[in-house]
Each structure stands twice: as C-alpha cells, then as structure tokens.
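A, B, C and D label the chains in the order they appear, each numbered from 1.
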Amino acid sequence: MTLRIAVFGENRHEKVDQRVQEIYPEGMHTVIAEALRRLLAADGVEAEVRIALLDDIEESLSEEALAETDVLTWWGHMAHDDVPDEIADRVVRRVHEGMGLVPLHSAHYSKPFTRLMGTTCNLLWRNEGEEERVWTVNGSHPIARGVPHPIIVPEQEMYGEMFDIPAPDELVFVSSFAGGEVFRSGAAFRRGKGKIFYFSPGDQEYPVYHQAEIQRVLANAVQWARPEDRPAQPVRIANAQRDWFRGEESVRAI
Amino acid sequence: MTLRIAVFGENRHEKVDQRVQEIYPEGMHTVIAEALRRLLAADGVEAEVRIALLDDIEESLSEEALAETDVLTWWGHMAHDDVPDEIADRVVRRVHEGMGLVPLHSAHYSKPFTRLMGTTCNLLWRNEGEEERVWTVNGSHPIARGVPHPIIVPEQEMYGEMFDIPAPDELVFVSSFAGGEVFRSGAAFRRGKGKIFYFSPGDQEYPVYHQAEIQRVLANAVQWARPEDRPAQPVRIANAQRDWFRGEESVRAI
Amino acid sequence: MTLRIAVFGENRHEKVDQRVQEIYPEGMHTVIAEALRRLLAADGVEAEVRIALLDDIEESLSEEALAETDVLTWWGHMAHDDVPDEIADRVVRRVHEGMGLVPLHSAHYSKPFTRLMGTTCNLLWRNEGEEERVWTVNGSHPIARGVPHPIIVPEQEMYGEMFDIPAPDELVFVSSFAGGEVFRSGAAFRRGKGKIFYFSPGDQEYPVYHQAEIQRVLANAVQWARPEDRPAQPVRIANAQRDWFRGEESVRAI
Amino acid sequence: MTLRIAVFGENRHEKVDQRVQEIYPEGMHTVIAEALRRLLAADGVEAEVRIALLDDIEESLSEEALAETDVLTWWGHMAHDDVPDEIADRVVRRVHEGMGLVPLHSAHYSKPFTRLMGTTCNLLWRNEGEEERVWTVNGSHPIARGVPHPIIVPEQEMYGEMFDIPAPDELVFVSSFAGGEVFRSGAAFRRGKGKIFYFSPGDQEYPVYHQAEIQRVLANAVQWARPEDRPAQPVRIANAQRDWFRGEESVRAI
C-alpha cells in the first residue's frame, strides 16, 4: 500500500531570514520532501509525499487531508501559536487513530507534540553553531539502519538535558555537543494506535537537512511510523456486555 | 519531612445515590483519608492528610494549597467537566514540579490524568459486580509491598483492555475479572519531576475502599509518589551560555 | 532479501505421548513451519523455512547453519537439558549479532531464553485444559496486526503470574484463563542487535498451533524479529583512539 | 530495619599499581565503605557496611554472608575470571531473591552483572584522563537526589556507546566526555525481586570515589536498591491448583 506522507513546514524563517533563505531557498520542507521521495524510492517503498504549510493549514491539514495521511513530519519554531487549537487537536486525534508523527527539532514545542507528551518539553539551548554527534544507543532499531555511528553534524544549535519528555518507549539516539552537553536526540513513543519519533537535529540556520545521513534517518523514521493496517479509529470506550467477545464483535474492539 | 497529602473527592454520587450513601455515608474521600492516616502512622511516616472536594475546589486546590501538597489522590466520575480547566492545568503543572498524583478508578477520564497521558484513556467497562483479582507482575516494586497475590475484590465494575494509556514506566498490577477480561490496573508513570500511579479498583457502588488490601496499596502509592527534595519547579527552558555548568549555576538547572 | 527461518522442535512428546501424536502426527514443528510458509507467502514476504530438531541439533544449529538463519523459533519442554551448553551459547551469541528468536510456550525455560533474560523465568502453571483469552494491550504493535481481541484458545495449559522475566521492552499480549489467573503472554525484548518475542500459547496437549489466529501471531513475530541489515556481529568492545570517529571507521563501530 | 551493605572490592590494582596505591592507599573499597557509612548516617539511615574482598570471597560472599546482605556494591576489573562461577551464580540468585546490586565502572564485565543482563556488555573505552560530565535525564529519580547537573569528573577513563546492555528500566544518567563520546552512565534494572544500578564513573587511576558528588550517588543508589520486605526467595515455579488463591496461600506466591 502506498505510504502517504505529509511534510508540514512552518515556512516563516525562510521568508524573513536571509541566512535561512540561502540555505533553503525553497524552504526546509522542500528539501525534506525531496529527500523522502528519493530515499523511499531507493528503498522500494511506494510513497506519495506532499507538502503542507502553515499558510494553507486549513486545507492541507483538514479532516479530509489528514484522513488520507499515514505519516506527518512537522517542523515549526517561531509560529507555534499560529497553529489553531482545533488543528492541533485534530492531529492528536489522528495519531490516536494510527497516523505516525515525526516532530523535528524545535517542534519539541509544537502543539501536537506537547499535547501528546503531557510534559513541558523544556530543554536547554545555545545557538553557536557547535558540532553535534548523534550516537546510536539501540542495537536493533530500524530507525538507525544504515547510519554511521556517530552521525556528525558540523554545525548545529545545541539542545541539552534535561529534556522534559516522558521516558521514551525506545531511545534510539543520544547526542553530544562540542560544548559538552548531551541530549536524547532520537526518541520513539507509541500513543494510542500511532507512533511518534522525535528527532532533534535540524536548526534552520544550518544545512542539516541537506546532509545525507540525516535524510536517511528521516526516511527510516517515516517507514517505522507508518500505521499498521488496522481500522483508523482510536481505542474505543465501550460498555461491553458479558461474553461480548464470544461473538463476531471482537476484532472491532481494537 | 511531613508528607502532605490531599484526598480529592468529587463527592457527587455520595449525594444522589442511595446505594453509595449506604456504603460511604461520609463519602469515599473520608474512608480513603482515614485509611491513609492510619496506615502511614503504622508505617512510621509523618503525614498530614486533608480532604479537597469539588464543592470547595477553588480553595482546596488553589495555587497556595497545591504548593503545599506533596501527593494528591483523585477520585472523580460524573462531574469531570465541572473541574475548571485552569485548575486541571494547575494540577498538571504541580505534577511537572514534583507533586505526586494518584488517580483512582474512573479518574482515568479526569482532566489532569488525560492531559498528563496525552491519550484518550478509553477502555471497556461493565458494571455487574464481578469479582476482580489484582495480580502483582513486578517482583520488586514498593507499591506491591505487603499485598496478597492476588488481591481479591469480591465485587467490582469491570474495566478491560485495551486501555488507551502510554506504556507505563512500570507496570505493577494486572487484573482479571470473572467475565474474562484483563486490565492494567496498577500503572506507574513519571512526568516532569512528578510521579503518577493510576490504580483502578474502586467503583462507588462497591465497598472497595473499605478493603484492607486496597488501603495498603493506597498507602504504598502515596509514599512512592512523594517528591524528591528538589526545588519545586518544572524542568526549565533556558538559554545556556557556553560552559555555564562550570560555575555555581549547575544545580539549579534541574 | 529472503527471510531465512529455522523452526526448532524438541520433538520428544510427539514420540512418546499418544495424545500429542494424534494432534501433531508429524510434530508441532511441521505445523508451525507450514503455517509460516503459507502466511509469509500470503504477506508477500520471500522466505525459506527449515526445520531444526533436537535429534540433529549439532548440524541444524551448527555455527554455519545459524550464520544463515535470520529468525529462530524454539519449542522445547521435557528435554531442555539435552541441548548442549555450547549450542545454547551459540544461539545467544547469534541473537547478540542480530538473529531474531521466538521462544514458544514452555521454552520460557529453554537455555537460550533464560540466559538472555538473566532471570529464573519461573511462573505458575496448571494443566486442566482451560480457556485462554489473549488480549492485545499495545495499540500499534505489528505483532498484533490482524488478530482478534481477544484470541480465544479453547483449551490450554494455564501459565500465571508472577512470570519472572525482566519488564518487557514492549508488552503486546496479556492472557486471562478460566481459572482467573493472568499472564504476560506476548512479550518483546531487544538484546544486543537481536529481537526476541516470547509467546506463551501452545501446549503440546492441545491443538493450539493449528489455530489460525495463533499462526497469524507467529507469522507477525518472525517478520518483526528479522534482523536489520547491519553487519552480523555483536556490539564491539574496542579501545577507541581519540577522534576515531572522524575517520572512515565510524560505521563499523555498531 | 538496618540496611546491611557489603562493598566488594577486587583489590588487585591497589596491590600492583603505584598510581592506584597513591590515590587509594587502603583500597577503593575502603573509601567507598567510609563514604557510605558517613552519608547514610547523615541521611538518618541505620546501616552496617562491611567489606568483602576477592581474597576472602569464599567467606565474605558465602551463602550465609550473602543471606544477610541487603545490597552489594561490586568493583572488579583485572580479575573478573578469578571470581568462582558458583559465587557469581550465588550473587545472581540473591538478586533474584531481592538483594540489591550496584556494579561500578569496569564491573560492567563482572560475572554477576553480565549474567543478569544476558548481553555482552561491550562498550568503547579510552584511558586518557578526560573530563566526564554526568547529566541527569530523569527528573524524579531518587538516585539523582542532591547531585549537581552535571556532575563534573575532572579526569576519567572514557566509556562510550554503544554499550551493549538491555534498555534500562530507568535511565538516570548520561555522560559526555571531552573526546565527544556519550555513555549511559547510570542505569537501573529490576531482575526478579532485586534491583540493580550500574554506575560507570570510577576508574582506579583517578580519585573518582573521593569526589563528594559521586559518593552522594552511591549513597542514593544503595538506598534505592534495598529490598522490599518480602520473603527472601525468588519468584516461584509452582503447580497451582484451581482456586488456590482463595485460600491462605496467596501471599506466599510472590
């Protein structure tokens, strides 16, 4: 079955910041989307990758559009508050139904991610273009497939612990920075029927999403996060009659 | 240091339902609070246990009152929506700062718990007064200290899987019911600097909180959930200057 | 790439117990292997499924044979001690290198599984042909794909808690039994670069492996447990020179 | 109840290496034991701390001695193989029964720890006296109580990922090193009825155990690892008669 991916981009820094424009003249979302198309094709995965922007969010993340989205990647930073609450809640509901979510970098503070985590998602940060090394700490996780140990990102914003997230269901990557801090930079969660992979490399001021190893992680992540082929509905609340499960209803309960 | 406990009771069924009045003439909260006082004293734990009701929630769960609360137990059912959003958010913030939370039974749907979980917290249910057996599945957890294996609750509402919660950080109890269902009935979570223990036995129509083994679990849970003696503040967001941690500031960062 | 599966069968009860012979005239391993062949073909997975017996264990689980095995299912009961220690250690090493392992039912006591767990793997049991209901407790796990909730096994040996295993990395199934006990019947672990899925339904005295839903779980499990395409070697011990990771060596470290 | 602690020291480097003799003239075990005595007294915990050496291991870790030990700390490096297998297995059994174990630094390769983990426990290392920073990644864990964030160890051997352990039940500390590597340096596990806390700072060539913050972690760890007051026996294997749990036997099953 075709893997239907939406790449959400806030696309604000790209409009107002010359440095970002030079690195991403057509936006970070374009680079991410093209990398996903290219790498998924190379992996033999049939995929459709579309772009969803904050400017067209009412359409691009409408109920109908999300109902046909299997995995949503999310980059946002300066305009988290411009995402309407109803749309954030809609994304959360779709994750509960099974849609995968891949929040990137400063999306640690995005509305969908913080609502799914239930924590502040606070962290330390410093923007001095430091080297980041992304170390794999899980020997058998598909998201770490084919990446060097470590991935070296020559220049990045530092994100440091404590990172106020729930303990990840699976911790995949831990980063160190030139300044000495560490960060749980690749963290997998399951919520409802959906899978979430937070991945921190990717500040707008550095060409991180142009880097081949980072693109490999993104391609692995969307494959991992794709829904199982269950009915797209959240776990139900139901008044279950005695012996309900002896009939034909059982499979519908999950 | 004195362990300061608040026992939150919705106290609605007790007012309107004769069956509940007979079992809990002074409310479930009174039985819970007295059990905690008695058992914590027996354990040699210095504790203060106060009652907080929905009717006085503006005062009993005010900023000031919560700031002096170490662990909050929460029973609610028919009036979840009557808890103001601001107070639910205040409870969540206090958990992020370190306060323990012990949601009981139908509080799986309470505003603080669902916001901390980020999931629907849906489940199956059936109210036919079935036997519940509460099995310990964790050999070394302090919340299971001194309880029989299983605890038998003669009559209870059935809560069944799937229970739409994040995978618990520690699964302590799993229940079976006479009708055949299972339920993760004792589940421990860490969120921010706070600890949460959800415990499902305790429907208002059965004398569950009068049962000695159930009281023992509650007394264990509030001890486990008490905050570590760190500053009562959430994990911070902070712009960290290079080498900040070489100065005297480091301990304040967590 | 072809998924290379070995189905290990102890094949002792089948030789000496008439009841088992009637249910499994050609051995449990044959039924399991044929089910895997049929279902993996239906899933579009290219697979080779071979049988490995205790009687030919020196060849069927030789270094060479295991080096070409991606996933090993294991059924054993009365003859755990007849598995040579060297072969048990070899299986453990292969799991560390990336081979998947799917221990079934009484293989909770097999040498490879107990060595990988580091616990006693003790449990309660009762063989009275009780109904078992296998409930899914993980909304997004691929091993639960396409199975009813619950799977009902009409007659089974009871396995009950406490089951002395480490907390699973992912808990997929919890069973209840007619007699009231519960059991963590589907538990996923990662060890080294290998994945392990323990699945408890399947006593030799009942036709459990003939049941379609159980076969579906087995087919899901071997797909989940297949190795990532990394070099087949365990995580290394290495004296790492300063800045080793800036050269070409990095990818070989994991 | 008195907390009975045994501090196991291999005590070999101290005999043969002048540098180690200068830092630890009476052995690392003496410094650790004295720190525990002093800090537990300050915490108001009644404790007995004894020393157990490889030279007297037959007596100091005899069945009788271990039966009266609540928590065992373990430092070993060059003489892991001199620990008899029977004694390693005895330690493992005592952990299954409830004894706490705190393996330190190079004890990642000790027989008891590797048998309890079921993995190779391989890692990267480099001994160049690099700065280590020990970061807390768990906001509410008692083992991180009262320690700075980060703890700075001025000179240490580097231990780096991948560290081939099972995913910890609770990850408490992650370290970075001057050379850029990261390491899961504080990892909590539950096995059987016992608790295990692996803590990596502490190479023999540097005065790490003289450092106050490191001593604080050790004192926190032994308190966390102390057994719950259950019968000192592993989880049992038992043939459970139908309705066994309705009698007086239930509490004995765990």
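Miscellaneous remarks
Convention: contacts are C-beta pairs under 8 Å (C-beta built on N, C-alpha and C of every residue); 3 or more make two chains touch, one makes a residue touch a chain.
As the structure is a prediction and not an experimental result, all values here were calculated from the model.
Counting steps between touching chains, the shortest path from chain B to chain D takes 1. Looking at A-C and C-D, the interface holding more C-beta pairs in contact is that of C-D.
Computed from the mean C-alpha positions, the centre of chain B lies at a distance of 37 Å from the centre of chain C. Rounded to a whole number, the gap between the C-alpha centres of chain C and chain D is 31 angstrom. Counting partner chains per residue, chain A has residues 133, 136, 138-139, 149-150, 160, 162-164, 167, 169-170, 180-181, 190, 192, 235, 245, 253-254 touching two or more of them.
Of all residues in chain B, those touching chain C in their complex are 131, 133, 135-139, 149-150, 160-164, 167, 170-171, 174-178, 180-182, 184. Against chain C, the residues of chain D that register as touching in their complex are 92, 96, 115-120, 122-126, 128, 158, 160, 162-164, 166-167, 169, 179-181, 189-192, 234-243, 245, 253-254.
Residues 98, 133, 136, 138-142, 144-150, 152, 169-170, 190, 192-195, 227-230, 235, 245-246, 250-251, 253-254 of chain A touch chain C in their complex.
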